[in-house]
Amino acid sequence: MLRTIPHADVTELRLDRPPANALSPELLAALRDAVRGAPGDGARALILSGAEGMFSAGLDVPLFLELDRDGVRTAWITLFETMRALACSPVPVVAALTGHAPAGGCVLALCCDWRVQAEGRFKLGLNEVQVGVRPPGPILAAAERVVGRRQAERMLCTAELFGVDEATRIGLVDEVVPPGEVVARALEWARRSLALPPRTLESTRALCSAELARSFDRMEGEVLERFLDEWFGEECQGALRGLVERLAAKRG
Amino acid sequence: MLRTIPHADVTELRLDRPPANALSPELLAALRDAVRGAPGDGARALILSGAEGMFSAGLDVPLFLELDRDGVRTAWITLFETMRALACSPVPVVAALTGHAPAGGCVLALCCDWRVQAEGRFKLGLNEVQVGVRPPGPILAAAERVVGRRQAERMLCTAELFGVDEATRIGLVDEVVPPGEVVARALEWARRSLALPPRTLESTRALCSAELARSFDRMEGEVLERFLDEWFGEECQGALRGLVERLAAKRG
Amino acid sequence: MLRTIPHADVTELRLDRPPANALSPELLAALRDAVRGAPGDGARALILSGAEGMFSAGLDVPLFLELDRDGVRTAWITLFETMRALACSPVPVVAALTGHAPAGGCVLALCCDWRVQAEGRFKLGLNEVQVGVRPPGPILAAAERVVGRRQAERMLCTAELFGVDEATRIGLVDEVVPPGEVVARALEWARRSLALPPRTLESTRALCSAELARSFDRMEGEVLERFLDEWFGEECQGALRGLVERLAAKRG
């Protein structure tokens, strides 16, 4: 479900869980471990990519809905650990957004250093509220870091999905290239960073991600339990079940 | 001085204190209570509007100048409570900026979720410093949330009033429509938010306003008293009296 | 090495240390003292300018490389004090960017209230990482205040030098004028601020710089010593020596 593709000093991690690269707890754990392990295996930069047309559709809601409270707690902790592994990686991480990136797909992209987006009728955004999920603090913090406070709040509170042009305008993506060139362009960006003194860059990146890192520390204990209360509340469960039914109807 | 106009699920609160919708302590208290009370009365979103050509000219300076220290303290606390009621409302609030919105008028607009501005030769900005009033922390925090730190500091420290185009460019207003369509457009925006799961949206909005909320908590005790010292200082009192004299001369 | 040029109420401080206005500890101390002293000598606003074509090339690396740990500690503390003197000055400070402003030159500019840039093929940016220097917290904080978090992190982590157009686009400079008009335009901006009530403006500016001020307070004790460890680490020393050799080769 996760392919590791070496490009000399740069390692590409490609989400490969058809049909939509939905984020199961297992995929998240695999991604977290791969991001954590890559620098030790010699990677000096990372690319996070998806399938052509679909970077990731976000959390695997049908699967998450089957989990009990302990299972949901573990799954969200795994998502936070994955976000943190990306955002606080000792080496730069470029998101190669090969297609749509709604919800959890957008969240992963927001934790990277640079976002290269495929041209086309693709949608990105934080539409969690639309499906009854209240975005936890680290998602707001990750969005604020990239698009600023105003647009981050707008993204969360309107649950809007943006086309590529609007996503570019608000700074949600940094570059737009034809679909076939996304990974190559991400690789180019990653390679440019290899020219910088690596320890100095690592220490500078740690300074820049320190505030986001603190948002993960705050997402524990009581704060996490209250978030789970909302998750198992009537509104969220009803909205998620509605989503699963719509998905099932679509597949026929 | 404050009209309540129902539009089904959405309640419009219209400032109605001719000639300039100047914010008296009474109007502020009425607005605060209306914003606090509306959700309990069934409003699922709010619109804050003014008169055609004049949203609000800001604090009623002639009236504020007559107040003693206790009166000024209470009046400013009422303004902070009104700001907080808007910014931390459990339901979305749209500002229908029907005309000019300088100083306190701009402050109220900054505490809303979305700002629809009337086209025309209208002026908006935080020109408090121009009239000798040092903007307290929550005004900086409210501005920073909407236009970012750089433009917020610029607004405060230059005391500039912006035309509609520049206000749009810096993100101070979100949309510009012909004067006759401002309330209708605000209503449209408000109605779109009604499609979202209400408790999830409320909880998300609380996350987004938490930092601004803390700025109100800090505006108490010694910090408030030092602010009042500045208010009753020579420079502020002189500048405010000068303003009142210019207003009186203008009215003939 | 620092000229003081009075323009009635406004004092221009002109960096004058040929050939590149490189910042020696002595120049930094002179600038710090001049900024601190000017308001007491009657200056109601300040202009910080450089030579035509070169505002400042940043720290005098050959000179810094000769310093021992105590010398480097003192030199960086002097830079932080200079930054603080500019950012927390009781009177407005305008940067008249008469030419290039890389690294430390850009840092000084970021601590001013407004930046007027000379038109031309000039370069600005925070390229510290390129030469092995990890930017300390106050430099990130100063950049974030001006260009926002996203662009500040981009500046630090890519070490890119920007042309005047891109610098304008990201908000790193506020205005661009022909080289011969930079100081005159800075003077115009400074004079406009003289029309505002001075104590109110001073108190408002203090509110706006409070967060940056805290970043200087955090740059002490252990945090400073760890920064010096990085400075005297192999990677930084090697990169700085490489730079000095390239500079020497260039001069023939």
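Residue numbering begins at 1 within each chain, and the chains themselves are lettered A, B and C in the order written.
We adopt the following convention: a contact is a pair of C-beta atoms (placed from the backbone, for glycine too) under 8 Å apart; a residue touches a chain by one contact, two chains touch by 3 or more.
All figures in this text were calculated on a predicted structure; none of them were measured in a lab.
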| item | value |
| --- | --- |
| Those chains which touch subunit C and also touch subunit A | B |
| Numbering shared by both copies at the subunit B-subunit A contact, with half separating same from different | different |
| Whole-Å separation of chain centres (CA-atom averages), subunit A against subunit B | 36 |
| Residues within subunit C bordering two or more other chains | 148 |
| Contact set on subunit B toward subunit C in their complex | 129-130, 132-135, 137, 140, 148-150, 153, 156-159, 230, 233, 235-236, 239 |
| Residues on subunit C engaged by subunit B in the complex (per definition of touch) | 92, 113, 144-148, 171, 192-193, 196-201, 203-205, 207-208 |
